[in-house]
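Chain lettering (A, B, C, D and E) follows the sequence in which the chains are written, and residue indices restart at 1 in each chain.
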Amino acid sequence: MQWAWLIPVFSFAAAPIIVLIGDRLPGKGAVLSIAAIAAGFVFFWIALFGWMGASDGTEHCYIAIGTEALTCNYDRVWFNAGLPGLPGSVQLTWGFFIDPVTIAMLGLVTFVALMVQIYSLGYMHGDPRINWYFAVHALFAASMLTIILSDSFLLLYVAWELVGVCSYLLIGFWHERPAAREAAKKAFIVTRIGDVGLLIGILLLWHHVGSFGITDAFQAVQNGTLSEGVTIAASLLLFLGAMGKSAQIPFHVWLPDAMEGPTPVSALIHAATMVVAGVFLVARAYPLFEAYNAVPLLVVAIVGLVTALVTATIALVATDIKRILAYSTVSHLGLMMLSLGAFGYTAAIFHLLAHGFAKALLFLGSGSVIHSTEKQEISELGGLRRVMPITTIVFAIGAASLGGIPILAGFWSKDEILQAVSHGRNPVFIVFALITALLSALYMGRALFATFFGRLPHELEHTHESPPVMTVPLMLLAILAIGFGLISWNWPGAFGGFGYFVFNHKPHGFEFTWWIGILSAVMAVGAFVLTYLIYEKGSISLESTRRRFAAILRVVENKYYFDEIYQWTIDRVVLVVANFVGFFDRAIINDVGINGPADVVRWAGIKLRLHVTGHLYSYALAMVLGTVGLGIFWWLYTS
Amino acid sequence: MSLTSNLDLLTPEFALAGLAFLVFAADLVLPEGRKNLLGWFSIAGLLALIAVSVIMLWGVEETLYNGLLAVDDFSLWFKVLFMGIGVFIILSSMDFVTENLEHKGEFYGIVLFSILGMNIMAQSRELLTAYIALELLSFSLYVLAAYARDSAKSNEGGLKYIIIGAFSSAILLYGVSMVYAVLGVTKFEAIAAGLATASEVSPSLWVGVAFILVGLGFKVAAVPFHMWAPDVYEGAPYPITAYLSIGSKAAAFALVLRLAAEGFVPVGDRWEQWQLILAVLAALSMLVGNLVALAQRNLKRLMAYSSIGHSGFILAGVAALSLDSNLPSNGVMLYLVGYSVTNFVVFGGLISFFNMTGKEMMSDLAGLGGTQPFLAASIAIGMFSLAGLPIFAGFAIKFYLFTAVADEGFLWLAGLAVFFSLVSLYYYLQVIRQMYIQPAEGEPAFGHGYGYEHIDAAHDDEEHDEDEHQQPARRYGAAMIETYPALGRRPSITILAVLGAGLVAVFWIGIYPSPLLDTIDAASRAILG
Amino acid sequence: MVDLVWFQLLSAALFVIGLYGVLARRSAVLILMSIELMLNAVNINLIAAASHMEGTNPFANFDGQLIAIFIITVAAAEVGLALAIVLRMYRSRSTVNVDEINLMKW
Amino acid sequence: MANFDQVALLLLILVPLAGAGLTMFMPGDRPKDSWYFAMFVGAISLVISLVIFARYDYEGGGFQFTRVYEWLPGPMDISLSLGIDGISAPLIVLNGIVLMGGVMISQNITYRTREFFVLLLALAAGVYGVFVVRDLFFLFFFYELAVLPMYLLIGVWGSSTRFSDFLRTKEYGAMKLILFLVAGSILIWVGILAVYVEASGQGDGTFSLQRLSDMAASGQFDSNFQKMVFPLFMIGFGSLAGLWPFHTWSPDGHVAAPTAVSMLHAGVLMKLGAYGIIRVGIFLLPEGADWWMPVLIALGTVNVLYGAMSAMSQQDLKYIIGYSSVSHMGYVLMGIATLDRIGMGGAVLQMFSHGIMTALMFTLVGAIYDRTHIRDITVLNGLFGRMGVTCFFFAIAGLCSLGLPGMSGFIAEFMVFTGAFRTHLWAAVLAVIGAALTAVYILRLLARTFFGEPDVRWSGLSDAGVMEKSVAGAFVLVILFVGIWPEPVLRVINVSVPTIPGV
Amino acid sequence: MSWALFIVLAVFTLGGGLAVVATRNVVQAALALLVSLIAVAGIYLVLYAEFLALVQVLIYGGAIVIVLIFAIMLTRNAEYPRTSDNRQWPLAALAALGLLGVLVPAFLINAVRGTTPSNAAFTDIGMSLFTTWAVPFEVASLVLLVALIGAIIIARSGPGEN
């Protein structure tokens, strides 16, 4: 288990090698990247079994304060800030720890990354910069794994930023397209705003804790070193970072645009892994959030709920298949946040995983569609089930899973969340959460049926199924999307269910509240039937509904004008201020403040030179005046 | 002891006078066109005299003629300096004299007389002796300033110089008469004793001292007695401009130093009161000299104002003189040497340029960096040095002097001096800019034209690049050579000698002035004890 | 007896008159004359001081007289040289008026 | 090696100085020879600086390689006293690296090549001098020596640019730069004089930094005196460090300067200012420093934000980088102003890091400008297709600039933030926000210049040359090395930071 | 007696001086100068400085004024013999009065108390001139020499002049 640090290191090592000599490697470096992540996947199992075999007494392992989970911690010195031994100096470490959340996330990331990279072999085939693509992928995987493993906020931040950059580079992978270029920039800057909060929060914790260690912070909360104000402020600041990364309102605007990147990238980074880093962060820092009456968690819950609801409505009207999925991602991230905010720790992690597999599947499925048809507007698609059966099936599985069709993974995880919300928060929350769940099923159904059912457009008749290198990962993911939910059950034997693995404070078994389960199942099935009728049968027309809600529809179709507000802020506030500063610098500071005195001196010189008139007598006069003056002063100054 | 028992100590002076007479005499027999020999002869004589003086007078400390003259390290030091200046001046004027002046022979003789005057100024310890020596120098300079008889500017400069000079002598003498009337003495030491003990004394004594300072202030071109300087500098033949700004100033400061150190500084409290007045004069000189220089376009005039500014700096050192410390007087002397050698470098270059083109405006220098790299580099180094930038003499001397000034409690004055050094940098840089950056007549500037207006031309960059990289650009300032063929030739050997020696000195003083300072310290001890 | 101070006042008056002449007159020749007046004022001052000088024996300190002799000598030389320049000036510019001699200024 | 230690620092100054002198005698008609020779000199000085750095005993700390050469004994007490501590050691390496890089990429200087390298080497000698001397006089001497060649370097080899509504000639840039820096140095000069006078008033007039700082440490300097004099050093050195509002020379100078000069200028010269504040200001006037630090940190914060905002509004590549330098030097100033062990270490590391990073940026901008003759980011577009390597390196520089972990910039800025967090919370918060603003303009620059549709105008463009690539590559390696494993540099810095009074 | 003589001489001295600076006729000015200088010689006599009086008459009266008159003749031009003051004469008057305002109180306050004037022997003066004052004496001769050579060089007609 002490070798778990190798999980990211494989990929870290692969990245520069691919950049430097990728051209000469097999598959232009793709093979190396896949091998690295595959090795990571293997080591994930080693770590898993290592952890399972460890106990409180094992070296480096202990029951962590705050999470009450068995945690194994390893670290090495990175660098010293300040002279070691002197007060006020800080020793920074490379360190990782392994606890249940880490292991769960490791599994998700290594597996999905592996799938996506294999899939990319097919999807990106023939791209001239494929080595670059895989290098960044490797770097991303490595950084993401580092976030998960990190035992200190600092290292977490380091990796956090690195995944941001990888996201930037991959969104802008086709940088010749202005849209991609702008989307990449937007993604980076918007998340960066959140990162300001994150960094300040980390520094704030450090300032009061004296260390960047995550468990150290928990300990400080436990023993009261961290005051209530600091804890709440730090939690909220950390949550700010999480909001940026996990695209919570109002920072959600970058994620739909990020779909300009290659679809596998969307699947990996913008659906399954990176965007859940925010959720992960909140989960990781949960002891901070729930300390002192859990005030920050209420904020988390509200933000999560609002995000989930708002973006679900947008997803319902979006027309681009990837954007539907993107908004759905945001919505589900919101649900996870809501769950965390409602003390549904386990549920959130569970949904994170289930959603990760399902959403990766959906994206890769849509990628398969896009790869084959080179279209992504659902209005231009339809009836693809006839030409792309495998894709249709796996996409349907993913959609059904995410839509909450019973026994699929999504059903269980969503149910867990709803249950947590109904327990943990005010009834208002559960009402809106249920609405979100309904909407979720609706847009999933819409995406599924509008794309794969209905009439096959003429020009798509010659479309072919994607190659196996793409469909095999799809199928593997589909298996998880179907069956993953079962791990939440209370199985007999050693594994008592997910609630005994990932938990907050104390393990708990599988719970099922019948009314919620039945209600959500009915809603999900109903939604799918409804969309089936609309898009496959065409027996229900939406035209009258559209007309009736035209005004609301316009607002929703314009994504609640978030982009416009941002644009306005940038154009009218940021750029104006920047231009003003630029102008101020040139006109006031430079031309007035700097050139001004210089000009005054020169002007003084030009004027002053007139005193040398060229007339002898004025020279003599000056001398006389000088003489008189000197005589008087000499006299006066002599006592 | 007879008054003249140690008359041999004046051998250098007698020999110098003899040398001058020899030059005058030889002038009569030498044919026109060989007059340069007189210059070489004078140089040889001066060099020999430097050697003789150093060998004979090193460490000697005696007075002659009842204390009218002093033969000490101070006077020796200045003598060597003055004769060195003489060597340089003659070297840098030989071409000029040959080409531009009549009466070539007498020129050197008069220069030698002026050096004699300076030497005696440095030695004199009595007002009248100092005055007469000063007049010997002044008369020589009047003549030399008006030497270019056919030049209206030279005439005008000479006339202004002699009239204002005579006027200032009258004021100075009136001061002498007042001091004499009150104290009954004219020797510096006796004046000091008189001033120190005077109480309930006629204030005409103080006014008299002020009048004496007016006369000396005129000589060093301190504001407000400076206005003659630009005109005379501009009118005078080029080497004489150099001589005025170097020799005349150094001699005047030698006298001021000795007068102040022996006559005023020992007075104690009163000197401390007077220091402030001198400091104000110094500040005024820096201000006016450096500000007005900003607006100058004529190189000689520029150098005139610059020399006024430098007078201010040196005067600051004089104002800081004190019995406690040799630093201010060391600083003044070091500054004088550094300033002299630097100015020789600058003027050597400018004179050579004038010999080649007959131009003396700043704008005429455009392209010199390309046509005459060595001249341009010398002028540039000189300018940087004058501005007080390091590696060159200017930095070390300014640093030393200003430190001394600050150390004596005139931090504000030192700060002002430092500030005006900055102002001066601007106009010195203007000259450098003309030589290196400004396009010469009829050619585009290097580096222009890659601006935004050339965006459309970006597609033919390749050709551009070809042009630039393959064919070496036409030599900078090449058009100037066509106008002035002399610019294409090497500067003459005399100028090269001046520049070479000057540059060595500039770097030496700038990097390691310590040995020089040892001699200066000895000189300071001679006057300050 | 006439006190020393009267001679000094006389010399001051003469000095100031000469000084005014230098400042106010146009002709270079007249300016030179004014300078002569100033030098004479100096001499009056010197000689008066010398002859009134305190001392053990009368006129012990006649340095003033000697200084005056030198001043007279130098004054003569000065006038000679100055007039030479004035003549040269006159030849080239046909004027000796100082307010017309301002080729160089600023 | 013991013998080497004796003369190492002297060599460090003399090698480039002698190189400058000898270059003067290179044949004027064979510019390549001068270039080769300058590279040779640069390489030697780089090697010497690296050896010195490697041989610096980071456990012993303090001043090492010390040597004193009498210069002017007596009341002035000036001596060429050499020695480096952990603060100057990384900076001499920085200078060595940047100088070498600057010389290497100057192969395209075909106009008066010889003179160019003479001045460049003289500048480098001045910079080395400042970092290794321990005497106020010589510090100032070398400080001015480093400033002096800038005028000609920019004036002769620079370029003028016409912007839409104003014109920036190289003469203007050069003149402003030198007047500004000398204006700063007059404040320093006055400050130095004041310190000397104060010491002399204690009966111990000296320019020796060692003795002066000993006096300061033993509290011999009056506290009011310190408060009065410190701003002279702060503003004087600060203007070279780009302290707001004395920064405007910097962007204008960069715009006008040729590539190598911009590199040295932003890379090393600006660090002289910050170094001076530490070495002279804080060491000699600890109480004054303490008293003025709130002001300095406020100005440093303004630097960070203002520089970033200004950079956002610029269209010229060099202006953007110039203002980014202003912004980044703000972190250095903030770090110094924290007087905190970590913050100060961060400031020193930021000097090093920013030096490399900005030199890298200018190298690449130079490469772009040489090929396109355009620096306007609204006109440049989609260069990636043609200049992939340049773009890649530029992206790394940009990411370093915006504080991406794994790059040297992050470590340094992070340390500054930590330091500031402990002492001036508000400043730390603003600084972090400034780092986010950096992202805005850097990404804007990258997006505009390199990404986007490839333009037909660039069809004939070649990528950066071998020299440029290798220089940039080396810089990138340094950035990454320090970013990933800063300990070798930091342990040297760490050992000396606590010796700074007040830390 | 000496008072009367002093007053008369002073009147002539100052009157001559005023005439020099006030008259509009150059020749008259020269003559007025002569008057003034002779009167100064008289003052010297009052002060028992006979030698100086002699020198004054010889050099000033006999040499300088003559030279000046020569110069006046040589430089006659259209406005001769009339000349006037330049434009700044009011300022000049103010400045001159100002100086007088400094000098007069300077002399009057704590005025120097002199002994009775007495005679100095010619021989003493001569002795002193050639012993103590030998150097200034020599230098003065060189000054004269330089002035002489200079005057010749400057004033002598060049090849192209008549």
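Note that contacts are C-beta pairs under 8 Å (C-beta built on N, C-alpha and C of every residue); 3 or more make two chains touch, one makes a residue touch a chain.
For clarity, every value in this text was computed on a predicted model and none was experimentally measured.
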| item | value |
| --- | --- |
| Contacts common to chain A and chain C (chain labels) | B, E |
| Farthest chain (mean CA position) relative to chain D | E |
| Identity of the chain that, by mean CA position, is farthest from chain B | A |
| Gap in Å, rounded to a whole number, between the CA centres of chain B and chain A | 75 |
| CA centroid of chain A to CA centroid of chain D, Å | 37 |
| Distance from chain E to chain B - Cα centre to Cα centre, in angstrom | 33 |
| Approximate Å spacing (C-alpha centroids) for the pair chain D, chain E | 69 |
| Sites on chain A at which at least two other chains make contact | 598, 609, 612, 614-618, 620-621, 624-625, 627, 631, 635 |
| Of all residues in chain E, the ones touching two or more other chains | 86, 88, 91-92, 95-96, 99, 102-103, 106-107, 111-112, 133, 136, 140, 143, 146-147, 150, 154 |
| Per-residue overlap in chain C, given as positions that touch at least 2 other chains | 4, 8, 15, 18-19, 22-25, 28, 31-32, 43, 48-50, 53-55, 63, 66, 70, 74, 77-78, 81, 85-86, 88, 98-99, 101, 103-106 |
| Chain-chain contacts as defined at top | A-B, A-C, A-D, A-E, B-C, B-D, B-E, C-E |
| Contact footprint of chain B on chain A as seen in their complex | 598, 601-602, 604-606, 608-609, 611-612, 614, 616, 618-620, 622-623, 625-627, 629-631, 633-635, 637-639 |
| Partner chain B, residues of chain C touching it in the complex | 4, 8, 11, 15, 18, 22, 28, 31-32, 35, 38-39, 41-43, 45-46, 48-50, 53-55, 61, 63-64, 66-67, 70-71, 74, 77-78, 81-82, 85-86, 88-89, 92-93, 98, 101, 103-106 |
| Complex contact set, residues of chain B against chain D | 325-327, 369, 380, 384, 389-391, 395, 399-400, 402-403, 406-407, 409, 411, 414-415, 418-419, 421-422, 425-426, 429, 432-433, 436-438, 445-448, 450-455, 457-459, 461-462, 464, 468-469, 472-473, 476, 512-514, 517, 521 |
| Residue ranges of chain C touching chain E (in the complex, touch as defined) | 1-10, 12-21, 23-27, 29-30, 32-34, 36-37, 40, 43-44, 47-55, 58-59, 62-63, 65-66, 68-70, 72-81, 83-88, 90-91, 94-99 |
| Parts of chain A lying in touch with chain C, wherever the complex brings them together | 609-610, 612-617, 620-621, 624 |
